[in-house]
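Please read through the structure below; I'll follow up with questions.
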Amino acid sequence: MKEKRIVINENKTNRRVAYNKIGRVLFFLSTAFGMIVLATLLIRIFTQGIGYLNWNFLTNYASRRPEDAGIKAAIAGTVWVMGITIPVSLILGVGTAIYLEEYAPRNRLTRFIELNISNLAGVPSVVFGLLGLTVFVRFFAMGRSILAGGLTMSLLILPIIVVAAKEAIRSIPQEQYEAAYAMGATKWQIIRTVVLPAATPGILTGAILSLSRAVGETASLLMIGAMAFIAYLPDSIYSSFTVLPIQIFNWAGRPQAAFQAVAAAGSIVLLVILILMNSLAIVIRNKYTKRY
Amino acid sequence: MQPTIRELIKEKKQARSSNSRIEKTMPKVFFLMAAFSILVTIGIVYTLLIETFYFFTQVSFVDFITGTEWYPFFGNDPSFGIWPLVSGTFTIAAIAMMVAVPLGLSSAVYLSEYASERNRKIIKPILEVLAGVPTVVYGLFALTFVTPLLQSFIPTLPIFNALSPGIVVGIMIIPQVASLSQEAMNAVPQAMRDGAFALGATRLEVALKIVIPGSLSGIISSLVLALSRAIGETMIVATAAGSTPNMGFNPTESIQTMTAYIVQVSMGDATFGSTIYYSIYAVGMLLFVFTLLMNIIANYFSRRFREVY
Amino acid sequence: MKNQESEKLIYSVKDFNLWYGDTHALKDISLDIPHKQVTAIIGPSGCGKSTFIKTLNRMVELVPSVKMKGDINYKESNIFDSKSSVETLRTEVGMVFQKPNPFPKSIYDNIAYGPRIHGIKNKTILNEVVEKSLKGAALWDEVKDRLNENAFGLSGGQQQRLCIARALAVEPDVILMDEPTSALDPLSTAKVEDLIQELKKDYSIIIVTHNMQQAARISDKTAFFLNGEVVEFDATEKMYSNPNDKRTDDYISGKFG
Amino acid sequence: MKNQESEKLIYSVKDFNLWYGDTHALKDISLDIPHKQVTAIIGPSGCGKSTFIKTLNRMVELVPSVKMKGDINYKESNIFDSKSSVETLRTEVGMVFQKPNPFPKSIYDNIAYGPRIHGIKNKTILNEVVEKSLKGAALWDEVKDRLNENAFGLSGGQQQRLCIARALAVEPDVILMDEPTSALDPLSTAKVEDLIQELKKDYSIIIVTHNMQQAARISDKTAFFLNGEVVEFDATEKMYSNPNDKRTDDYISGKFG
Amino acid sequence: DGGNTEDTGSEDTETEGTAEEGTGDISGSVQIDGSSTVFPILEAVGEEFSIAYPDVQATIGISGTGGGMERFIAGETDIANASRPMKDEEAELLEEAGIEFTEFQIALDGLSVVVNSENDWVDYLTLEELAMIWLDSSDVETWADVREGWPDEEILLFSPGTDSGTYDYFDEVILDGEQIDRQATLSEDDNVLVQGTAGSLNGLAYFGYAYYAENQDTVKIVPIENSEGEAVTPDDQTVQDGSYEPLSRPLFIYVRNDSVSEDDAVYEFTKYTLEMAGEMASEVGYVALDDAIYEENLELLESLR
């Protein structure tokens, strides 16, 4: 018969269980901290800016009078810039992801491209700003146009979209491919009929999240000169433009205290847009994941 | 059974040679798209290099790399020693990491090991909103809320200081640390946890002794990525840290980071071709090199973490 | 259960070898698989059953590290000949997998998938094909009123029959099945087994199973694989009553596996 | 194979029910599990075998949606009583899983894990425990020269015995095993089966298996589960030779599952 | 790039009437960039202009005087705003580029020197003291170094960035072009300067009058002793009559002659600016010029058509 060497001491076990409880509380508080900061930030901005938030704020151009100031041009600029950014980054990003996941042989070049993309994802936006300024604004003489801004943004979010699209494609179960191959489908048919439909929710989620980054992006657009007073709606991709975060930055730099509140009102709009985009992404993610 | 479908299929097959053309061209098209990312990188490196080269025809490389004074704007006697900007950048990054590492990792452990599926589904997106708040908004928050708050504890704290934006940058990157680390922790197979639970381990013991060691390289890579984000952050620092390139690591001083310098110059619009104009490319180049290093390190770790199981 | 026709061959495998990188997964396999009969492949986990069956429609080539040597003749011509395309082979040789793998599309679109990728767009023809295939897979009555619902809403057994119907839709000659019932409950299993008996009138069926009783119930011939080799290949009745090889006996009587 | 001692009970389950959300996975289970014997749980996939065995050390509670009703007595006291902690129960009731799940640590650290979390740091004691447990799991000779190597370097069968050794290290009274050999090759399976026979001298063993021959070979008593219910529970010999229930007979003779 | 847009066909004779009625049947675009000091005036003008001429797209950038000049020289803009007179080098470059231009003064600004509102020792500063404080070469570090009896605390300096006209002007008239103190915080964002001073007891800053006017409750203005020996505080009166010197300065716009003559939109915008500048300047916190000067400017503009 065995003799017990390991004596389990109830006290010791109780202590371990107590540590576990303490850990749980600490971990939860840490998690809560982030949410408390977020709440503080939101409450502050809302109380500051709510007074200026009305229909006129959305439909007026910027103004020297805080009560007349609005974000029409900034919203329009944001929409136009996104109009360039979305197709460019989505087409390039998804194409790249398809190549890497479906076609690329496992060789050095592929690994290099992948490493390169993940590096690009970490390059600070000011560096993209420098690139945009040098290449688009100056070299290709696009000036401080929507086109230059949109392309700069596209490059900025391209790596994020690639990564998201790759993940989405990779999460398609092998069985789906097998099913299609076993029917005699060719590679491109499989991409069209199996991969793209199945990866679309994931790609959309990633795209929305990266676009929300682009919508809030300030530094790189400041660098290509998007800080301006504009009281018209852009009519071509060569128009000058301003975007919401830059308009906010602009107001925040005004001498009049009232403009700080206008800036806060702008921040509310921006945050609402971003939270809506995030929620949309979450809805898509929750709705379409775990289907297999 | 009459094999109508089979015959139809055979017919179609012969009629379609375009199919094989698509089959052959698509990979090439997609390859070009993938190769485009290399073109972008080359574009970045090329523009940075060319202008940096001009910069070093005007300023000695040795002075740049060893100098401890950064006074580019003083027309009579400018000095271009990069260290104040580097130290400013790392002061911010260090403060940010001191905030983000404990809070982010704790959140990751909570989300991955303690939270119910439902809570995780609610909390994670909320935390992710933190990463989505535009940096302009954070900048104002740092300057008009966090700094005054800190001043009530440290009365001598100047309005522009490294501490406040450092903390806010840290808050901004919490979700990055939390999400990526949580994903790394999730990748630890449930079987590992079951093994430990079956031996009578508590959740805390499972988290600290099984899950964290098991996902260490993923965690490190998330931290390195967060660090590189902190180094690259611009608007928060530009708004709230002041713009005095001070050498040293004093968090209560006003400082300037590499990124903040670049925006400062490009907003003031230094005359094209001036030394100052070229200097932003030299600083940009250095920034690029730093983040490149970070990413290579992060990549190394995340690769290791994939291979564990 | 044997008859004259059984002597016609659908596949003839000769000295076939396959490696995954350095793993020698199939070793000198030689097998003659009869036309319009059910051939069962049994053997313990990892013996190469799936690998073998996936070789028959060249699906195994999707694994990048695969190297092969030897011949496999399908209806008298070598499947590795460059003349005929893989796609054509796979159209003639349908496959059903262990885990039901319908596409996340409607029931109708699942069945129409094969005809469509082969260029058939005519709605009337497609409707016909869908009905015929679902009837062939004994699923028509259960789903005829909800053809436009997502296939994921079906039960596991229904999904598996849907996958069989999907394979039937392009009118193959052979149907390969890799443990088609191992994820199913007893009732669904019985249905699929009945279906296989039915299908063998029109198709040659090759089925991998880990359930020896199942092999005994439904197959005409059985091959016993062990460590990548064919230990024994014979009429099922013979194998189960009086195997030639000691290892076959041990396996069938549950000594290992 | 029965003897006097077998009448002592280690577990006594009464009218136990378990739900995963709305899925009623265990229905009115009542079972008396004898001390120091091998009790086998058999039944088709999804019948609740794993759920039941995981309930015995309350591992099932790690699934958030679980709801339970009924009593399980372990050594005369209800395991759901708030008096005794789950941690204590799990220390006394070891568990071995279907897929070997060693920690990504050295062989030594794997075994020492349990004693360490219970506060044993003394190197001499740990050395002893490691040696004794590895010997108990019939693994000592194979690994004694490489205790500091990573456990992932062991073969599947060795890993499984390592997991058994790991469970032995905290000197449990009961060892629960959930299909411990289903991922193993025949040779490793035989070794583990021998080991189980050896262990039952000192431990009460409850083993889930889908291999009916295995149950017949190693167990003293067998419970047949079907759709969350216990259809039959009896001495193994009796069950295999002369089951009371038609369904048991069908299952054992391979009609389904 | 900017200026050249299709002629709408409206002839010189009609333009007068159009402006008055504000029917704005003119279309095209006007590119303006430059001083952040001048920006609020131009923004105000631009706002009104866009109501009168909804089809004209006027873009007013904020690149600082130096940056604006650079774009003007590059031919990217029609109008450059400046908070200092054009430099000789800039004029030369414009000549090289073949760009003819006209300078219009549009308002005055009093550069305001401010300290923290809690600062109760600084009553006024002389030009010499100001120079001593700001010069890099001087030893002045603390208030006590400036004047006997002031606290022995280090002075924190906040200055507009070196690309700004404000900096150029201050550097020239106070520091005589010498090196500004290296410890100073430089920012292109004047609000940063306001906040810096408001947030530091020992802060000292200078910036455009408008920023002081809007922040009177958070910072305190410092009277500056002028050449007559009186300590003067900037306000409409003292700036316009010139007694706040040398820190009052003129604000300008520079306009491309060919844009004015060829492009109705630019012409109308410039005209509008000259007509409205005085009113708008006062509204946003600057000082209007004598009406006569605006009249002269308008005549000068007509002569360019």
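We just call them A, B, C, D and E in the order they show up, numbering each chain from 1.
As a working rule, contacts are C-beta pairs under 8 Å (C-beta built on N, C-alpha and C of every residue); 3 or more make two chains touch, one makes a residue touch a chain.
All values reported here derive from a predicted model rather than from experimental measurement.
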{"item": "Minimum number of chain-to-chain contact steps, chain C to chain E", "value": "2"}
{"item": "Chains in simultaneous contact with chain A and chain B", "value": "C, D, E"}
{"item": "Best-connected chain pair, where connection means C-beta pairs in contact", "value": "A-B"}
{"item": "Chain of greatest Cα-centre distance to chain D", "value": "E"}
{"item": "Inter-centroid spacing, chain C versus chain B (mean Cα positions, whole Å)", "value": "50"}
{"item": "Centre-of-Cα separation between chain D and chain A, whole angstrom", "value": "49"}
{"item": "Chain centre separation in whole Å, for chain E relative to chain A (CA means)", "value": "38"}
{"item": "Where chain D touches two or more other chains, by residue", "value": "87-88, 91, 114, 117-118, 170"}
{"item": "Interface hub residues of chain A, defined as touching at least two other chains", "value": "16-17, 186, 225, 227, 252"}
{"item": "For chain E, residues that touch 2 or more chains besides their own", "value": "63, 192"}
{"item": "Chain-chain contacts as defined at top", "value": "A-B, A-C, A-D, A-E, B-C, B-D, B-E, C-D"}
{"item": "Partner chain B, residues of chain A touching it in the complex", "value": "16-17, 19-20, 23-24, 26-31, 33-35, 37-38, 40-41, 44-45, 91-92, 95-96, 98-100, 102-104, 112-113, 115-131, 133-135, 155, 158-159, 162, 186-188, 191, 209, 212-213, 215-219, 222-223, 225, 227, 245-246, 248-249, 252, 260, 263-264, 267, 270-271, 274-275, 278-279, 282, 286"}
{"item": "Touching residues on chain D, where the partner in the complex is chain A", "value": "85, 87-88, 91-92, 114-115, 117-120, 125, 128-129, 169-171, 202"}
{"item": "Residues of chain A that touch chain D when the two form their complex", "value": "1-2, 4-6, 8-10, 12-14, 16-17"}
{"item": "Complex contacts: residues of chain D adjacent to chain C", "value": "44-46, 183, 185-186, 189-190, 211-214, 253-257"}
{"item": "Interface residues, chain B side, partner chain D - complex", "value": "116-117, 189, 191-202, 205, 209-210, 213-214, 308-309"}
